[in-house]
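Just dropping this structure here.
By written order: A, B, C and D. Residues from 1 in each chain.
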Amino acid sequence: MTEIEIGRAKRARRAYSFDDVAVVPSRRTRDTDAVSLHWGIDASKFEIPVLAAPMDSVVSPTTAITIGKLGGVGVLNLEGLWTRYDNPEKVIASIRKLPEEDATREMQKIYAEPIKPHLIEQRLAEIREAGVPVAGALSPQRTVEFHDIVVKSGVDLFVIRGNTVSAEHVSPTGEPLNLKQFIYELDVPVIVGGAATYTAALHLMRTGAAGVLVGFGGGAASTTRTALGVEVPMATAVADVAGARRDYLDESGGRYVHVIADGGLGTSGDIVKAIAVGADAVMLGTALARATDTPGNGWHWGQEAYHAELPRGNRVWVGQVGPLSEVLHGPSRHANGHSNLMGALRKAMATTGYSDLKEFQRVEVVVDPTA
Amino acid sequence: MTEIEIGRAKRARRAYSFDDVAVVPSRRTRDTDAVSLHWGIDASKFEIPVLAAPMDSVVSPTTAITIGKLGGVGVLNLEGLWTRYDNPEKVIASIRKLPEEDATREMQKIYAEPIKPHLIEQRLAEIREAGVPVAGALSPQRTVEFHDIVVKSGVDLFVIRGNTVSAEHVSPTGEPLNLKQFIYELDVPVIVGGAATYTAALHLMRTGAAGVLVGFGGGAASTTRTALGVEVPMATAVADVAGARRDYLDESGGRYVHVIADGGLGTSGDIVKAIAVGADAVMLGTALARATDTPGNGWHWGQEAYHAELPRGNRVWVGQVGPLSEVLHGPSRHANGHSNLMGALRKAMATTGYSDLKEFQRVEVVVDPTA
Amino acid sequence: MTEIEIGRAKRARRAYSFDDVAVVPSRRTRDTDAVSLHWGIDASKFEIPVLAAPMDSVVSPTTAITIGKLGGVGVLNLEGLWTRYDNPEKVIASIRKLPEEDATREMQKIYAEPIKPHLIEQRLAEIREAGVPVAGALSPQRTVEFHDIVVKSGVDLFVIRGNTVSAEHVSPTGEPLNLKQFIYELDVPVIVGGAATYTAALHLMRTGAAGVLVGFGGGAASTTRTALGVEVPMATAVADVAGARRDYLDESGGRYVHVIADGGLGTSGDIVKAIAVGADAVMLGTALARATDTPGNGWHWGQEAYHAELPRGNRVWVGQVGPLSEVLHGPSRHANGHSNLMGALRKAMATTGYSDLKEFQRVEVVVDPTA
Amino acid sequence: MTEIEIGRAKRARRAYSFDDVAVVPSRRTRDTDAVSLHWGIDASKFEIPVLAAPMDSVVSPTTAITIGKLGGVGVLNLEGLWTRYDNPEKVIASIRKLPEEDATREMQKIYAEPIKPHLIEQRLAEIREAGVPVAGALSPQRTVEFHDIVVKSGVDLFVIRGNTVSAEHVSPTGEPLNLKQFIYELDVPVIVGGAATYTAALHLMRTGAAGVLVGFGGGAASTTRTALGVEVPMATAVADVAGARRDYLDESGGRYVHVIADGGLGTSGDIVKAIAVGADAVMLGTALARATDTPGNGWHWGQEAYHAELPRGNRVWVGQVGPLSEVLHGPSRHANGHSNLMGALRKAMATTGYSDLKEFQRVEVVVDPTA
């Protein structure tokens, strides 16, 4: 770790984003056919290492089913429009039409509608019936209130996702979520995050989580650096948390906690780099929001965009490239890294001579910030 | 300190601006309610660590009162329009309307009007009557001439502010301000600056100042780097002066001189970073000029903009986001770091696990210049 | 080699592109007349170190002849339009007219037409008859199928070119090309690549190749970094492969394998830098596509642009500057590094005091990424 | 000197441009009145350290007189339009009106007109009669041919200026200029350059030159980096040559050779930085071309722009700010560093506590490439 002196009373560390790095070929190449993208967490096995982010513009029960059939898993936001409204399609259509200047304010109102527990059950059931993996997400704040109904609904993966989730939340007023006890008592594998540092991730791993989300769910829909001054460039964050995975594997005598990059993954190249610096899988928001068959229909927003007091993201137009099947598996008609994401990952692995994801975490990487 | 060789006959030091750095979460998180933003300097206590910069586009007697009620302190420019004109509102309205190409020239004429001592008294009295903290600023050049009337008017904070203020000004012709003797004789706490280096700040601390301004009052309204080649990137400047605070605390046997970042603070993220690298409080110009109830009404300018011989800033349009109350305390309707500045600071501290400003100076920081 | 810690579980190396570096004058200067650009590989001798890239927008039999007469060598793409169509001019004209949004899709169709072996023979014969050096290129995938007919057609240089070509391709299904055996059996000098690292290049050298292409054929027509996350900045790649040349020279007891930079060479300045960091010659695509007498007529595209599943490049408009003679030898009417490429190389060598290409590989170089 | 590994076979050095650096205040400040800008070279004494560059868009006999009266010295280009045409004003007017696309080609024709020796004499006489310092420039190529007439005309300073001038020019055909002998035999102080490295400058100093120009005359009118790949970032070049000055001072037992920055000096901030890293004076092109009373009238071009074979610069529109008197001495009506250049230098020196140019070479400097 290179320490930098900012000034006499402050030292810092150099950190790297995906844009700062690139993957380098080795002396071997492979056929793309010979590359496997299989990934599994606990009992769940997936053909591709992709979780769709629990954002209303990306995952509806319908797209969760589509994504499941395409080999990944769609994580439904259990405190979004699908659990607040009986007929969320209409609400989403209205969000898409909001003029720029009113978008934040109007979304703040729309999301003020209370969450209906029966809708949580109903939406998850809809996905389960299609025979694909079922996954739902809550924020740490809502987990105590709604986890019973989620578990009862029979999820394969339970995601607890916030901007920053720590194993040690201090609250002088309420009773904060005791993650360790909570995860211990649950029957389903829990994925928890965002975490962004070695220490924070190590503590989350010790709570018994099956996976840790790395990042703030950033990217196109987030302005955390501008608004909060907070950021951990993703390449460094993933590589640090991969270090925590290795150390926790030793400390726990063999428990492998999955590292899932969540944020800053706008192109297939970014996905490649995330795995290359240590991720086991990726959680995609923007990259999938560009599909023609997602609810946002080219618009994209996250929880930060409708925060009641301090919005830190925007409803953004991310464009459209084709159906989810094309976005994930091609064939591609563009060279911008927006479609055939898995084909590109496969090609990058083949080009650099690797045959599975775990091996590919060892690929050589260079830093070239000016590219 | 890393020394860099520019060339055989010159060495330099790497310096960092706020844009180069970001704050990193720790393993703990907190409720935002559990975060305190209290700050105090000598006998004065404030709910938020904010001084409004003595610039005519930001602080009038009226906005000084508003800002005082919102928990901070507005510093009135005592050699600006409010002490040159009986009716400055009219003059300001005319400045706002100046066409781009004439702005500098016309402002040079407007500010040629002499300062009226009785207006200094009258403006400060107006603020005092509202029951909020009273603070006024003079340049070092004017301090000898007008300090008597300022002190007599009963200020809580006396600010001596110039582009660069040193404890050791050399003047072959006139009698320069002897800061040490001057501050000793005054009865009120004095904040003095800008200083930008460890040594310059240490010497200012030894004059008996209660606080030191760090920076050149830069940002949107200043072009010092282009015109003078002079700059000290703010993150390094604040961290250096925080180092001087620590060393002077020891040298003086316990006198804590406050470090106030002044310049480069355009967004809530910048304010977060200023505290994170060592500032006790911030002096805001641009960030407050965006309020709808400041005199500039979206226009902003500093003393540099109307310098008679060598203007080094411009009258700039900074846009508008809402009233001062919303700029400082929200709720925010935008995600650009321009409103709810204090909510953002609170959130950043909560997210990274800190509960008061002094603790937050220890938060971890990373460098990522390409972000 | 400076190793950088990306994060706890990943280290990387800093790499440099041509934009990051510049050449520095020494204490000597020379007349440009006193500079030689001669280059030779095996029995072939050339007046200038330029191979035209096997891209349909750059090399037709006609332009191969022109380039040969101008002192370089045009490498014909043997699996492009000239060997798929009897009358490719018509097809190329239609490609130039494709609207932006359909270009990739339509080119995917056009290039689906099968390759005709007799056209390979016919096109190469046409070049040979003009009395200039004959060179043709195949991808590794096609080499097994078509190399017989190529060799029979009597080429002076045989180029095997892919995005990444390794000496050790792993294919579970087909029988991959055994480069070593293949090159051994051939009678003509083989140039093979792209390679981008020391190790990959060293292994290619051991196959008996006469030259190694460095790069991915990148530049204007490629988006490999965005789509695949793969990149080796060119200055580092060339300098690394030049290191492999030096080490292989020793290991082989004197076999000098030529290093040919291929990609990122958009201006005469880039060509200068490629030689300066160790290249023996350059393969030019974009830089020649700007000539008025190339097939693309200002449009440019590579194999990546019409890949059936995963296009990683675009048909791009590169503009036009004059005939090939002017592009290569001037006189120049512009100062943008787009014409008189060889005059500029000569001038750069004269200015810095060098008289031949091999010596110029020792010129001093500086890094200034911000320029 | 930090050495960087570009790749296995190439090492380089990090170099810095003026944009990469900034000047830092010290603990002392001064009145601007207390600052001296005096500069002298041999018998010539100047009020300001400014030489106007020998470019036809900047220096005519008339502007040479104006600049002389303003305290600097205008160097007339003795192989430009004033010595090729009896009535150059008309020719210049036609250059200003050339359409963008024809400018280079037409200027190549205009400058093909032969140089008239009698005009050299006549132009220099015109300047001498006004009682200001007389200075003229030739390229190394023309020096042998015309130096007699120049010396006979009675110049105070003789400038030999080319893109790169070395003490050791190798020419297999002609007899190159033997600088050492030539300078020894001349009676006037010679300023020679550009040089850009320690070694090249040291050798030029040993020829007996009174001053060395550092740079390529770059800036707005030059595209050397793009066309030739050649560049030495100016802050490093000046600091290196200042190192040569120091070492030669010792080696020669006390001969102080002046270092004159020539290129990259577009703003007053750049001039400040040039002195700060070691220059004794500056040669200005672009910065003066913005004056309303220069021949270019807002247009600017150098020798590179009309090179017959390989133009490496353009005729560029640099804008206009006011008469030469305002550009050099103000008052300024803008904050962009384009006017009151000397006022800005004085202010920068006062702000950082320095009273003369030689002292100011010791001012502290920081590196912040992202600013």
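Here are some notes:
Heads up, the rule we're going with is that contacts are C-beta pairs under 8 Å (C-beta built on N, C-alpha and C of every residue); 3 or more make two chains touch, one makes a residue touch a chain.
Note that the structure is predicted; figures quoted are calculated from it, not measured.
On superposing C-alpha atoms, the copy chain C sits rotated by 90° relative to chain D, to the nearest 5. Because chain A and chain B share one sequence, their contact can be compared position by position; here under half of the interface residue numbers appear on both sides.
A straight line joining the Cα centres of chain A and chain C is 40 Å long.
Centroid to centroid, with C-alpha atoms defining each point, chain B and chain C lie 56 Å apart.
Multi-chain contact residues, meaning those touching two or more other chains, occur in chain A at positions 14, 16, 236, 369-370.
Of all possible chain pairs, the ones that touch are A-B, A-C, B-D, C-D.
Taken together, the chain C residues at the contact with chain D in this complex read 1-2, 14, 16, 18, 21-31, 33-34, 198, 235-246, 267-273, 276-278, 330-337, 340, 343-344, 347-348, 351-353, 355, 364-371. For chain B in complex with chain D, the residues that touch the partner chain are 4-10, 12-17, 19-20, 104-105, 108, 163-174, 195-197, 199-200, 202-203, 223, 225-233, 236, 304-305, 308-314, 369-370.
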